[in-house]
Structure formats: C-alpha cells, structure tokens
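There are structures below to look over.
Same chain, two partners: chain A is paired with chain B first, then with chain C.
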Partner chain A sequence: MTETDPENQNPSLLRRIRARLVPDAHPADDRGRMRMVLDSLILHLHPPKVPDRTLKWTYTWGLGGLSAVLMLILGATGAILLNNYTPSAPQAYLDILELRSNVWFGELVRNLHHWSANLLVIIAVLHLLRVFLTGSYRAPRELNWLIGVGMLLLVLAANFTGYLLPWDQLAYWAITVGTGILSYIPLVGEWLSRLVLGGPEVGASTLLNFYSLHISFIPLLIFGLMSFHFWRVRKDGGLTLPRRIDETEEPRVERLTTIPHLVRKELVFALVWIAAILIFAMLVPAPLEDIANPGLSPNPAKAPWYFLGLQELLLHFHPLVAGIILPGLAMLGIFLLPFIDINTASVGIYFRSRRGRSLSLLALGLAILLTPLWVLLDEFILDWSAWLPSWPSLITNGLIPMTVVLLPLILIDDWAQKHLRADLEERILFLVIFLFTAFGILTAIGIFFRGPGMNLYWPWLMPEVVH
Partner chain B sequence: MTENTAPETNVSRRDFLKVAWAFFGGLAALEVGGIFLAYLQPRLAEGEFGAHLDIGLVDDYPPGTVTHISNGRFYLVRLPDGGFLAVYHRCTHLGCTVPWDPAIQKFVCPCHNSQFDDNGMVENPPAPRPLDLFPVTIENGAVRVDTGTILQRQTFDTAQVVYP
Partner chain C sequence: MNPERTRKIETLLGLLATQLIVAALLLYVLDEPGRIVAAQDQVLHTQLDQAMSLYAENCAVCHGLAGEGIGSIPALENEGLRSMPYYDLVRVIADGRYNTGMPAWSLENGGPLSDYQIGELVALILSGDWQATQERVVNLGLAPLVPFTTDPDPALLEQVTWLPGGETLQVGIRVYAAECIACHGTDGLGSAIAPALNEPLVRTRTVDELTRTIAYGSAGTLMAGWDGVLSPEEIAAAVALIQRWDEIPSGTLPAPEAPVPLTAESLVLGSELYTASCARCHGTDGQGTMRAPGLNVRGFLTETSDPAIQQIVTLGVPGTSMPAWGDRMTEAEIQALVGFIRQWEPTAPEVAVPSRGAGGGAGAGNGRGGPPWLRDSAQATALPLPTPTQLVDPQPTEIPAVVEGSPTPTSIPAHTPGAEAQTPGGGNPPWAQAAAEPAAALPPLDWRILALVGGGLAIASTLILIGYTALKRPRR
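== the complex of A and B ==
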C-alpha cells in the first residue's frame, strides 16, 4: 500500500492497535474469509484440510492430543509450584506442607500436577499402543515412532525425578529402591548410581540433581521433541487412514476443512478432559507421608508404580537379567519394531486382519492366565538356587528361569506359525500383545498384591504399611 | 595449475574435511557431555555423612554389642573377641536401611527380607554380597570412622576386623 493521507485515513491509536490484534472477525468477501483461515496460527500445526475418516475419534481416541494437553497442564502448574519450592532437605518437605495449608489453592495446584503427571504415563503408553495396533508406525512414519519412544522415556524420567521432590518417606525410599537397580549394570553400574545420586545414597545432592533435571533439562527436551513430533505428523502426510477389516480397495477420501471440523473437536475434547482432571484433583489429594528419614525404611519399600513391573521381575530373576537384559531387549525390540514389521498393506486396520484379531484375543487370554500362574510357581515352588546350590546365581537365578519363561513363548509362536498360518505381522502382533499384557499384570501384582517383606497378599487382606 | 602435483591418495579434500568436521564436532559434543556429567558428581559437605567421625572411646562399646551411629549411617559392631567393624547400614540389595534385631542377633532388611549376621555376612538372599564396611582406626583408645570410603567385599575375613 502507498502512503495515505494522515488527515482522514488514519484511525485512532486504539483502533490501530485493535486492528492488529483482532483482525476483522468477518471479512465481507469470500477471498477475505479464506485468507483469514489460511493465516491462522492453527494451520501452522494442522493442514488446511483433513480426511473425514481421521476425524472419527474411535480411531485415535484422542490420545496424542490428550498427552499434549497434559503436558500443558504440567508446565503451567509446575511453573506455579516452583515459586513455593526449595530444593533442599528438609525445606522441600516443609514447603509442601506450607503449600497444602497456607497457600491459596496450593493443594489444588499440587494435586493437578501430581495426577496429570501420573495420567500422562498411562495415556502416553496407550497412545503408543494405538499406533502399534493400527500399524501406524510403518513407512514413512518410522522416525516419528522413534521420537515418540524418546518422549515416553523422558516422561518417565520427568515423573521419576519429580517423585523425589516432596522429600517424604514415600519419595525417599521409592527413589532409593528405584536407583538401586542401576548399580547392577555390569562395569559402570556403581559409577552410574553414584553419579545420578550425587553420592553413595539419596541425599542433598540427589535432590538438587533431580530438581534441576526435572525443571529444566527434561521438560525442555520434551517440549522440543513435541514440536518435532507434530511437524513430522504433517510431513508424513497426516494421520494414517483408518480402514475396515474387509476393505480391500483404497478408501475414498473425503476432505473437510480443519477449521472448524477438527479444531472444534479438539477443543471440546481438551475442555472435557481438563474439567474431569480438575474435578478429580479437587476430590483426591496427592499422597504425602512423613518427612524422609534415611534411618528408617518403610516395609514394604516400593518403587514408583510404573516401575513395579520391573521390580516384580527383580523378585524373580538375577538383577542382571531382570534389570538389564530383559528391559534392554524390550527397548531394543520397541525401537526396531517399525523396521521389522513393515507390511504397509494393513496400515490403518486395527489388529491387522481377522486372524490378527483372533490371535490378539488369544495372546490377551494366555497372558492373563499364564503370568499370575508363573508368579505363584516361581514364588512357592521353583527354587533353582536351593536345588543346584553349587551353581552361580546368575545361572540358577537368571538363565534357568529366563529359559523357563522364554521357551513356552517360542513354542507358542511356532505353533501359531505352523497351525494358524500366522504371517510375520500377525506373529509380531501376538508376541507384543502377550508381552505387553504380561508386563501390565506384573505391574498390577506389584501395586496391589505385594505387601510387607514383598510377600504376596490379597489386596483386601493387605496389612498396614509398617513405618 | 594444469598438473596435479599432490601425492596420489584415496581421500579427496572434501572427504578429509568431512572426517575432520565429524571428528572435532564429536570431540566438542563429548566435552559438553563430560561437563554435564561432572556437574552431577557428588558434592560432599564438611562434617556431613561422608566425613571422618570421632565416635568416642573403645571402652564405650563393650564386646558383643552393636550400636547404631545414625548420623554416620553405620553400625559400630564390637565382636565378642573385642574387634571392631563399622558396617554401613545400607542393604546391598536395593539400598534400604537395615535395622539390627537384637532378639535374633541379625540385621533384617524390611524391604525384601535379606538377613545378615553381626559380621554383615548374608544369611538370607536376595542381597548379593555382605554389608559394606567403613575403615575404622583406633588411636590412643579413641575410635574414628571414615564414612567417605565405602569398602565392598565378597566375604568376611578377619583382616577386616580392627583390634584396639
């Protein structure tokens, strides 16, 4: 535009500011309206149009979006909590007490942070599961799968470092037991454990280390990876298209404008969840026990709940197997999945195929049946170290039980391949669902069935924690 | 120049620069990583756990007793034969604090039920090795324990015991 006559063309200062901040809500002409939509920041994130099929919320269940909402809640509540928190013992604990009783809405903000963090672990895992079950990590989306796994690990790290901050008995001993696993890593374990703890045991340096990781390094990385993740979704051509199981030809794609069709849904979804979390946080307080006492371990001392599956494994296997080999293999498997499971023909179909559905049900059923059975067997009957007293415990407590567990799995896989004619993607589906369910059940056993001395109890007969 | 005077080699200038970039870039990344790790290193304060502790005279601890020195994180064990051991109270399984049970004369871990005798030897797993020790020195009848040095061991051996 060229210079205009200052006399009658220049609107008042206020109007000029307003014109910049709130563009004309309704331009008169079509072109103007189109421009307004295209200039919107939302379309920096989303494409202008999306296939109507991907809008069906029973495909994604909104899990990725919910993870992002939770991260925003965590960022916002975390930033306020910072103003009321000193990362030194015993002040940290006193600050939380003060927060609960003397700070306006302090308890609510803390509850929001606590429950959102725990929910995020669950939701992020479910999101990963959805992507797996629909085969959505296959080419060209492998990289985004890897970014996702990276974010999940960071979310666990954020939760774990945050767990220590209230400096109560729960925090102190969960972190003690949780980091205790580190020292079993061959060669570097002791060094690594000392490094993370900043000393031989959980103490002042640990609190400071965890605090700084928790509020700077980890959230920065997560938010950075989140932008990368969203950008990749667009670059990879949007979400995978959901397809019905009997749909053989390429589905016909109807495209709808992102504004309002997608954005409205996202907003409603986010608001409903925020409301639900808010209500939950008002009703259920985050736990806080007595101040940390390094001289007194509670009985039982459990790691944070998302590590209890791992802790359960530690009760059955030599630490090298339970803490390093098995989790290492699992992580490796998760990273390699999109490069092994590569049949793009079934992308977008839940459980791959009809046979895939039956196999999934079978895997679920078998895991629910076999896992508790194995736990009981190993707890009460199998005792290799007593039967073979002169053998090293890495064999009696590690390799033999590992074989006992892996052998049936290999046999079942072989059977599925020979008798059910399962192909590679269906076998992978079976194995992953089996292992995933088994790990879930181990976690549940660790949370609900382990009592004093880490013995098994019925949840309704569980004795009180002894302090 | 019309003639190539450089010696015959398989490495082009471009490849050489690439390798050099990767090498120095990697080196810089390692340095930054190293600094990051160094910042996590233990920072022990004077007089805290981790320092030398003077805990009194030999005669304060009669033979056959186990005394918890909680600010030093250890048990001072005076064996029946008069020898001293400073046993770190941290369970070698996953790090819980083991209480001394005088009724059965054992350390019993509340977390996963490891048990140790008064020497710190494992009597019941899952603990993989005996309780760790701190060095004890006795000068002019005064007992001093260095809680900054943790001695791991695979078994009990009389050389670990300090006699006045």
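== the complex of A and C ==
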C-alpha cells in the first residue's frame, strides 16, 4: 500500500526501510492479501489454516518442532565452536581446554552444543515413536517416514562424529569401540573400517575425517532432508488428524488461522525449551576427560550411550549377529513398516484400537520382565560355546542364541494372533513396542549396570577404576 | 479449553520463558569471570597432577625425588627456572641440552613425550608443588635408589694411605664420594642409570681415554663433561682411582644412611606384602618362627640400614631358605616392604620371641595349627617359645652371606600368589593401578536392590495383568 499511496510519493528513508521489513498486515484488496500469503515465510512452511485438533500438544508433543529448534541451536553453537577448534591432535584437546578456561562463554557454548546434541537423539527417537504409535506414516506419508528415518541415522552419525572431536579419553575410546563393529561386516568390513578411520586405528586422520563429516557433509545432508521433510508434510496434507478411539466416521474439522494460533504455540514452545536447555547447559558442564591416550584404555571402554544397546547385544551374540544382522534386520523392518502396516482406518489414533492399547501394555510389561531376565540368564547360565566346544562360534555364539531369543518372540506373536485375536496392525504394534522397550532396557543396562570388564554391577556399587 | 484462556496461558508462558532466558544470561555474565578463573585453576591442577606422574616416571631418576637434583644434575626446584619463559623450558625438554646428560624428550626427536606432556612438565617446573611431587614419586615406587653423596669410611680410607700413591687415591675417593657415587653407585659398582667403574674392563682403559671421558662426557649418554666442575688434579685422581680400584678395600665408599621414603599408601602395601609373603616364616609381627629369624628386634633394626634390608630382600640369602624376592616383587614393592619393617623400630623388643612355626605350612596367622577355628594369631604370638633368637648378621654394605640357624628348606615360600597378583602386568605398584577387580558376583541384598527388582517386577506384572484382563474381557 505504501508504494501506491499518492501521499507517500517520496517516503523518508526510515519509511522505505520499514515498508520493506514490516509488510502491511492488512492489505485492502484480494490481490494484496494473496501476495501477503505467498510472500510470508511462515505461510510458506505452514498452510494458512490448520485443523484445530492438530494444535492439541498432547497429540504431537511438539517433538518434530523441538528437533528443528535443536538443529538450529546446534547450527548456531557449532558455527561459534568452529572458530576455536583445530582438528589435529593434540591441539584439538588444547583448544577445548582453551575454550573452557580462556574464552568468554566458551564453556556455555560447548555445553549448549553438547546437551542439545544428546537431547536431539532422544527427541528424534521419540518423534519416530510418536509417528509410529499414531500410525502417521501410512499412505500417503510413507516417503516422509523414510526421510525421517534417514535423518535419524544422520543425527546419530553427526553425534558420533562429534563425539571424537574433543580428543579426550572418553572420545577416543568410545569411537574406538564404536567403530570396532564395522570390521565385522563380511567382505568389506576391514576396508570400510580403514576408510572411516583413515588408518588401522583411531588417529589423526580419523579426527580429520570425522571433523569434515561433522561440519560439512552431515549438516548439509540434514539441512537438505529437513527442508524436504517439511515440504513433504505440507504436500501430504499436513499432520494426521488426531482421533478418539471410538471415532469411526470422519471427524468434523474446524480450521484456525496459522497466524497467530499455531505460530504462537510454536514460539512459546521453542522459548520454554530454549530456556530449559540454556539453564541446564549453564549448570551442567559437558564431560571432558584427560587427553586421548592410545596406550591407556579405560575399563570399561564404552561406546557413546546411544550405542550401548548395541554394545550390550555384542556381549551376548557373535559380532556378526549383534553388530550386523540384528541391526540390519531392525533397520530393514523400520524402513518397511509403512508398506506392511497399511490400515489407513486407524491413522491418528494412539495405539490403533482398544485392543491395541491392551496389547501395548502387555508388550511393555513382557519386555520389562523378560529383557533383564534374558540378560542375566545369558550372562551367568547359558554358555553354548562351552557346551558345544567343537562347533564354530558363529553357531554357538550367533545362531543358537539368536534362535533362543527369536523363537519365544515368534511364539508370543503366534499366541497374540491366535489367542488374543490380534490383527496385523496390532501384532506389528505389539512386536515393535516389545522390541523397542527391550532395546531401551538393554541400553539402560549398558549405561548403568556395566562396569569394569563389562561385568554386571549395581549402579550404586560400581567400582571406581583408577589408573 | 477456552481458546481465550489458552491464549493467555501461552502468552504468560512465553513471557516467563523469555524472562528466564534473559535473567539466566545476565546471571551467567556476572559469574563468567569467576568461572574462567576457576576453570584455569582446574586445568592447571589437572596438568600438574599428571605432570607429577610424568616426572616420577621420566625425570626423578636424575633430577631427584623432589626436583632437588642429583650430583651434578641440576635442581628443578629453582627460582631461576621459574622465571624462565615458557617456551624456553619447552625447548630444553623437547630438544635436550647438547653435551649434557639431558636427552631430547619430544616424540619428534625420538623421545617418549608428546608436546602436551612436555607442556605439563613445564607447568610443573613453573608452578608445581615439589613436596607433593616427592610423595607421588614415592607412591609410584620410582624413588631413585642412588645415594646422592656419601662419606668414605674413615678407617678404610686410612688404610688407603699405606698404598703407593695413596694420597692421590684418597683425593680420588673423596671426589668420587662427592660427585660420582650418585650415578656410579657404592664402591663403583654401578646403578640403574650408570655403568660400574670398579671393573676389570674399565681398568684396562688408558689414562687418556678415562680423562677425556670424565672431562668432556660421553655423547648420547647421561655422562656429562666435568672439566668445569673438577680441577685437572681431581680428574687425574679419579682416573687413578678407577684404574686401581681392585686395590681399594670394599666398603670404602659405602651407601649413605638414606632411609627409604615412605607414605601412608606404601605402608599399607608393605603390610599387605609382608602378610602375604613374609609372615609365614618371619612371624605375623616379625617376631620370627622356627623357620626364619625375627625381624622385629632392636638389634637387627638399629644395625641394618634400609638399603641393606632392601638388598637382603632383593637378592635373598644364599645357602638359606631366604629366597631372592627381586624377581617376584618390583623395586617399589620391596621398598614398601622395607618401610613397613622399619616402622617396627621404635617399639622393637630387645629380644625376639619367635612363635612356633605351624607344621602344615598353612598361611600367615596360623599360629598353632589345627582346625581353622582354633588358629588364633593373637594367641599364637603370645606363646613363649624356648627357641634361641637368631638374627641376621648386620653388615649394611655387604650382601649378608650368613644367616645362622637352619630353617627347613621345604618351607621356602613358593611363588606366592599374593605377590604376583599384586603386580598385574604393569610396572607400577598395585596401589597406583586399578582397584582390585572383583568378579561379577552381585552383592547381598539391600533396599536399593529390593526397590529396583521389586519395582520392576511390580510394574511389569501390573502392566501384563491390566493388558491381559482387558484383552480377555468379552466384547460387546
């Protein structure tokens, strides 16, 4: 309007700047309103109007949005950290010490980056879980599910590569343990391990590799996929509509304008989380141990916490099974989920149905009960390689224990199908919740209960190992 | 919910969060200078802590327990060094000092230390606590054993006068006692860091060769050039001493009465080692048994110096059942043992009261033998026994050759598992290594275990029960 207003033929400098920065909120004509919607960044990301039901925060829990906020924090703090970091040993460690003891807010920025990165792993997994539990990956959203899972893997990769950068004992040995799994991949394992590490073991080239992956390749990919993910959400018709469990007919949808209803919610949500993360980062310093020492391995040497479920599996299975076959099957299953679990009738209902809810409770309870039991059994009693000494370890440590674990699973699934009359989507729900909980418990055991020599200890009786 | 109310709550929340962010940042700004100072302190503290171990492992052998210097090797606890620029000190450690005993330590010069570690050592020189460093060196069992200086035995020195050219030899002995014994050891027998000079092969060297070595040092070794410190006459006297050492009575250049340094930790280790390896023959409190003489006796302790006890333990006593422990224990462990034995001295009785050796070769504390519930070491030590006391012949500077009495050879403590278990693989003594690693046995129940297991079981069974009953409930 300012441009066409005859009284403002020669607007002042300030007016001209203002006209560019703050577009007129109330265009008089349709064309102006149209332009405004088209030009708005917010309305580029969100539709102009959203169903009021999707604004209920107990449906999405804001997990996707929080992931995006965390990515922004990580990008900003990461860019700052870049200014004070040299990817070479031992300078990398000295730089972190410098950051901590001689740079204003250096510690705060590092803490923010560290805690946001760890929180992002948790939030991204929860986001995936939410999408699964509401069945929101079903047609037409299968592609976006795949993109999301890809981003989760990239987040893990970013976290893992970043883990090495401080070049302290924690970093060095966690990466040594974490990359050790690679060499168990048949045929290409050795080659792949050398490619990633840039040599036979973690060293200067690994640091440079991980650094370049961490600051360029992975963030670029994540940024690209994030944009794609957002775009697909709009293209696939926005969020799935939350529905009550007995609601069978299509719900009547009332739509609210995105500005201000959705945007205000998002802003408040982001502010609350930023405040929480900021205060946490101010109070709790990111860990930093002694400088990396390839000659002195800590006991126990643990991978980063999000891989401890895998490391726990490695204690029970042959590396090929625990490190490659089981995670590979799990990833394949996750990728295939939206193409197997295709009942669009229950989209938007948490746990699919009433029976689904009961089955979920059952799965949760069984996993909580059986997982620690199996860990104890395998740790102290089952010893196939001693019982069958002449058999190859791939069978005694791999196939037999795998059968021992998978057979009950198949039996339970069969029981749920025949006895509890669960249909396909409910069986999938049951299995996924069971496996997810079991993996969570394995991770917790790996984090809290594994001590020196990767033996089991009560967390409060964990022996301190001093070097 | 009422949209108007929702809007208000959300706005309030947003405002609150914004205020929190601003307030937290302001508070953080105020705290930041203090935090930086604290962080610097902490970094320095950590570096000094690691530097002390590095010092113990690499430097103490020449620069002494607490940086006081040994012989001609300079002290590091030194005001002059503390005022030197940081990078000058880094260069000296990294590149070494030409024509002195100081080698190059950096990895790029073929040494063992990374740049980071060299930086830590410089921090130690600039602002370290040398008293704490001494404790660290002792705790790591790396106290240099070399005597720093000594006084020649006056009687034997007197004898030397009667030899031809005795005056010169006396000068040589005094020079050796003051400057050389630090590295080349008592009576020129050598030490961990320098070769023996009292040796036929050395005696065959010409005067020129020896003079040149003493005056200008030996490149690539710790042997420094002494022409600035010693006069030509003194060097000549030292050369004479080296060439005619076979004429000098042994014991002329004895080890000084340098007590083995002690800490609380080494006492504990010494006590453990004693119980595991020595108590069986020497008695639980050193009172002696039928197999071996008492150690907790005034006569033995006052007349036997720490280095002498250490030598006895290390080399054993040939012809008796006292084995050489040198190949079963580290030097540090033997030192700890010596320290433990030494602390008996103030309360040692005049006469040892040996306990009767237990027949079956059972473990320490088995005073009387018999079934376990009757074995009581406290009672056992109180049992007076008529066995005559036998003491190690105290000859501090020589390897004690004789122990009276004839302990049964079969009672030689076989390769004691305790002593071996104490030193798993590493050079460091046990207290500097990992805490004992217990097997994965889970400890007895306490309330936390009950809470965790019980809670887990309760939650799991409740979930299963609720889920299952809901599933089995008949449908409409």
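The rule is simple: the second predicted complex is superposed on the first by the 439 of 467 C-alpha atoms of A that agree within 3 Å, B and C clash if a C-alpha of one lies under 4 Å from a C-alpha of the other, contacts with A are read in each partner's own complex, and residues count from 1 in each chain.
We take it that a contact is a pair of C-beta atoms (placed from the backbone, for glycine too) under 8 Å apart; a residue touches a chain by one contact, two chains touch by 3 or more.
Everything numeric in this text was worked out from a predicted model, so none of it was measured.
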Just chain B (first), just chain C (second), both, or neither: which does A:G453 touch? both
Under the stated touch criterion, which partner chain does A:R264 make contact with: chain B (first), chain C (second), both, or neither? second
Where does A:N299 make contact in the superposed view: on chain B (first), on chain C (second), on both, or on neither? both
A:W173 contacts which: chain B (first), chain C (second), both, neither? first
If you stack the two complexes on chain A, which partner ends up touching A:I291: first (chain B), second (chain C), both, or neither? second
Most chain A residues touched (candidates chain B, chain C): C
Quick check on the superposed pair: does A:I368 touch chain B, chain C, both, or neither? Answer first, second, both or neither. second
Touching A:R130, do we find chain B (first), chain C (second), both, or neither? neither
Looking at the overlay, does A:W104 come into contact with chain B only (first), chain C only (second), both, or neither? second
Let me check the overlay on chain A: which residues of chain A are in contact with chain B and also with chain C? 299, 452-453, 466
With touch defined as at the start, can you tell me which chain B residues reach chain A in the complex? 37, 40-45, 48-50, 68, 70, 73, 89-90, 93-98, 109-113, 125-126, 128, 150
Write out the stretch or stretches of chain A touching chain B in their complex. 173, 176-177, 179-181, 194-205, 209, 294-301, 314-315, 319, 385, 393, 452-454, 466
Looking at the complex, which residues from chain A come into contact with chain C? 90, 93-94, 97, 100-102, 104-105, 107-108, 264-265, 267-268, 271-272, 274-275, 278-279, 282, 290-291, 299, 354-355, 357-366, 368-369, 372, 379, 420, 452-453, 455-458, 460-461, 463-467
Within the complex, chain A is touched by chain C residues 7, 10-11, 13-14, 17-18, 20-21, 24-25, 28, 32, 35-36, 39-40, 42-43, 46, 50, 114-116, 433-435, 437-440, 442-443, 448-449, 452, 456-457, 459-468, 470-471
